[in-house]
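Down below are the structures I want you to see.
Shared chain: chain A. Partners: chain B in the first complex, chain C in the second.
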Partner chain A sequence: MSLIEVRNLYFRYNSSDRAVNGVNLDIDKGEFVCILGHNGSGKSTLAKLLVGLLEARKGSIKIDGIELNEDSVDEIRKKIGIVFQNPDNQFVGITVKDDIAFGLENRKVEKHEMEELIDKYSTMVRMNEFLDRNPEDLSGGEKQRVAIAGILAINPEIIIFDEATAMLDPKGVGEVMEVINSLKSKKTIISITHNLNEAIMADKVIVMNEGKVVLSGKPNEVFENIEILKNSKLDILDSMKLLEKVDNSNINLKEEVKTALWELTYQK
Partner chain B sequence: MNDRIVFGQYINKDSWIHRLDPRCKIITLFLMMIGIFLIKNIYALLICLGFILLVVLTTKIPLHKFLRSFKMIAMLLIFTAFFQIVFNTYGEIVKVNGYDLTYTFTLTYLNLGIGILLIVLYFLLGKIFRKFRLIQFLIFVALIFLSEAFILIGPSIVSYTISIHENGLYTALMVLLRVLNLITLSALLTFTTKPTDLNGGIEGIFKPFKFMRKGVSIFAMMMSIALRFIPTLLNETSKILKAQASRGVDFNDGSFKDKVMQIVSLLVPMFVISYKKAEDLANAMEARGYIPGDERTRIYELKYHISDILVYIFLVLFLAAIIVLKIGGIV
Partner chain C sequence: MGINLSEVNLAYLKEKKQYKYAIKDINLRIDNEDEFIAIVGHTGSGKSTLVQVLNNLLVPTFGHISINFRENNNDVYYNIKASGKKVKYAISKDNINVKYKARVSLKALRKHIGLVFQFPEYQIFEETVLKDIMFGPKNFLRDENKAKEEAIKIAEMMNISDLLDKSPFMLSGGQMRKVAIAGILASKPEVLVLDEPTVGLDPIAKRDLLEFLKYLNEVEHKTIIIITHDMDVVGEYAKRTIVLNKGCIMYDGSKDEMFKNDEVIKTCNLNYPNIVKILANLKKKLNIDLDIYKYNIDDAFKELNRVLGDNHE
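Let's look at the complex of A and B:
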């Protein structure tokens, strides 16, 4: 049994077309999964469905064997945390310490235990010296790290990053990615991203287009389907563009060049 | 931008008032305010003010910060005092050295000219000296009155008499003292208490009342979100102002219609931004397990110390004194 099982999921906002249009998904414990897809392909909607912020019109979501519904949503939210894109809009507390405490307060954790957890996880994301700072005095990357600490403190099994680095400067991206990478062995991670280099490192890549999963599998399997990627309006890696060129020309030793390029792609 | 919000800003210092339990501070402030409202005796109000100022000195917060919070309502106070002194005609006319405080002012054509000249001067001066505008304004008003009292050349347009009555002077002084007392007290609270603590304090005070706990907890959360987002929204506002200014919108000049358009050009993006923020925030809070009105533990647990108890004892004595003096007809 997979940790996350999504079956035949449909969702539509009141106004628009189907935002999620029959999605099936299996994610195993400990996997690092990247979801790719162009703007409006339904990635965020899927993420919000997984954490119970939106209610599916049809289909089912099972997390750790528990079916997501109105009664189980509080239970499920202990197992799954989400970091959103905008660092400012998800910072609830007046100080860093307040913000990390927020989720713990909601779960009625005792004060002394909270202090310990805040200490532990703020150190882990290297924000322990900023506990009394206000969000106005933090960079975007710092705010995102605080958000991660707040979620880690609740100790969920799964963490979703919905373009958590999209609004950051390169330095911030680096800092946050470092934290995310350090979590890879410990948590099941779903990262929604536009960054193909990140996707290459994933255990599983899922490509979405118009609310559907169009590709799913190991990175090398997924990136072979250049046509589908292009149809999904996705960027492809430079090395893959080269690959395509080689594929369409008549140079000799074609197979060797191709193998070499594939190796190049996955070397990093 | 942030300079302007002086009132209600926490000032980080280490003093015994800073360390008091916020519940104690809020309750003491609130009851002292009510007590001060009951006092009608100017000397008693002066004593209160003196005492509060002594306490202010122990907070290690520079006095000019307090002065700045007076500045915000100085205009209002001056007008109230002015109207009381000029128009209140109850009681005897005040005598100084046996002379009635009665003045006659005459508006002559010359005075009218001087007046207009002074007003023009006032606005011109404003372009050069931006500081002390209130004092400048008062000096010009005084000059206009002086000219009407002493320069009596040429035909007069209108002549009027102002006499200062005991009651007016008394009420003006009392209002002034009362407001000074109240402002210093509330500044004392907000300067020495972090917004988070204020919030936790309000929540803590209502905690014993089980039936209203839900409402209070939601209210406290709303307050804390407001506190959290006010600086952010101010930031956004100044960004929009700059963006509009760079497109040639001049927020200082223009006709009434232009002004309305400028305000709309500010409000619409602000509304859109706030709505987006609110939606994101609600999602983030819900995803992190917040259920409105549900019981939560708090990271800032409030504890009373000896100093809090001493303050409460003082508060009881203060209120008792006012009640006793009130019954005795003294204050």
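Let's look at the complex of A and C:
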């Protein structure tokens, strides 16, 4: 049994073309999964369905064997946390400490235990020196790390990153990616991203288009389907584009160049 | 013609007579035609401050900015002088000094230099796309019908005519950003400044927007200034790059020379474009003499073909 089982899932917003049109999905415990898709392909909607922020019209979501519905949503949210794209839209506390504590307070954690957890997870994201600061004064990368600490404190099995680095500068992206990488194999991670270099490192890549899963598999299996990727309005890795051109040419050292580009893509 | 900054400084009062310079001793000449400039540098290096000084949203603490445009067949000069906390505005028209009220002069100045902030879609507020695009020209032209005409023209040019009657809030991120940019363009600025225009867009929407900026630059001869962290964008689109470091201009010149300048790249922690990295890797692995400073796939392949092509046994 997979940790996450999505069967025949449908959803449509009232006033928009965006939708999820019959998604089936299996994600195993400990997997690092990247979901790719152009803006409007349904990937963020799927994420919101998974954490019960939206209610599906049809189909089912099972997380750790529990079917997601009105009665189980609170229990499921202990198992699955989400970090959103905009670092400014997810703060409730006046200080970093308050903010990390928010989820714990809601779960009625004892005070001394709470202190321990805040210390542990703020250290894990290297924000322990910032506990008394106002989140407003932090950089984007720092804000996202605080958000991650707040989620980690609840100790969910699954964390979804919904384009969590899209609004950050390169320094912030580096800081957040470092934290995400440190969580690999400890947590089940679903990263919704446009970053192909991140997707290359995943255990599984899922490509969405028009609300459907159009490709799913290991990175090298998925990235071979250049036509489907193009039809899904996705970018192709530069090294793959060059590889395609080299493949159709008669240059010298052709096989050597191809091998080098292939190795470069998959960093073998 | 263009924008001239000489010895421009902007300082913030931190605490008790302690000043911190956001930008320091900036000397810069920007033409009001045909330039495509990328401003790069760390977060906090002064990029956003610099572009806000350009259209006078921020007033320099020291220094002098002169801006020269053609307006109704007249040369119009805007001189923005700063000395300490006192700021003097003077506009000279046909070399005759005329003093306007500051507010009037700024409005005219901002018509020439359009500034698109980061995440401009957050500033959309009208009920329909048409009304939102019209908002700028309505203020500048003071004529509802003319403003509407301009808005429709711009929408056609940007391929968003089918969106005009829709509510901006029903659109995708990429479409919303286009609408926000259309709103600035509708006032017909000669210089368009965009702060991180591609952040948060998917690859297709990003390319679409950049190709449009290229069109504005090459066909309409507008000067485009973008702030960006994305070296792929710098490589493929910029004609000139300005590197800021701790508020100072560390480099101003061609992108090739910038990428070859190890000191600049290291100090400012700049990355290389993806294609440059790939070519550098091939050069090393295969021990071939490649020029690695190519910025799109076609040029990269041509370079491979030049070195490894059939006539090169």
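Note that in this section the second predicted complex is superposed on the first by the 251 of 268 C-alpha atoms of A that agree within 3 Å, B and C clash if a C-alpha of one lies under 4 Å from a C-alpha of the other, contacts with A are read in each partner's own complex, and residues count from 1 in each chain.
Methods note: a contact is a pair of C-beta atoms (placed from the backbone, for glycine too) under 8 Å apart; a residue touches a chain by one contact, two chains touch by 3 or more.
Note that this is a predicted model, so its numbers are computed, not measured.
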Look at A:Glu256 in the shared chain and tell me whether it touches chain B only, chain C only, both, or neither; answer first, second, both or neither. second
Name the contact category of A:Ile151: first (chain B only), second (chain C only), both, or neither. first
Contacts for A:Asp169 in the overlay, against chain B (first) and chain C (second): which applies, first, second, both or neither? second
After the superposition on A, what does A:Lys78 contact: first (chain B), second (chain C), both or neither? first
Please give the residue numbers of chain A that touch chain C in the complex, ascending. 15-16, 38-40, 85, 139, 163, 166-167, 169-172, 194, 233-235, 238-239, 241-242, 245-246, 249-254, 256-257, 260-261, 264
Please output the residues of chain B touching chain A within their complex, sorted ascending. 194-196, 224-225, 227-228, 231-232, 235, 276-277, 280-281, 283-291, 294-299, 301
Chain B partner, complex, touching residues on chain A are 48, 51, 53, 74, 77-78, 81-82, 84, 86, 88-95, 97-98, 101-111, 114-115, 118, 134-136, 150-151, 154
Quick check: in the complex, which residue numbers of chain C touch chain A? 42-43, 119, 170, 172-174, 199-205, 229, 269, 271, 274-275, 278, 281-282, 285-286, 288, 297, 300-301, 304-305, 308-310, 312-313
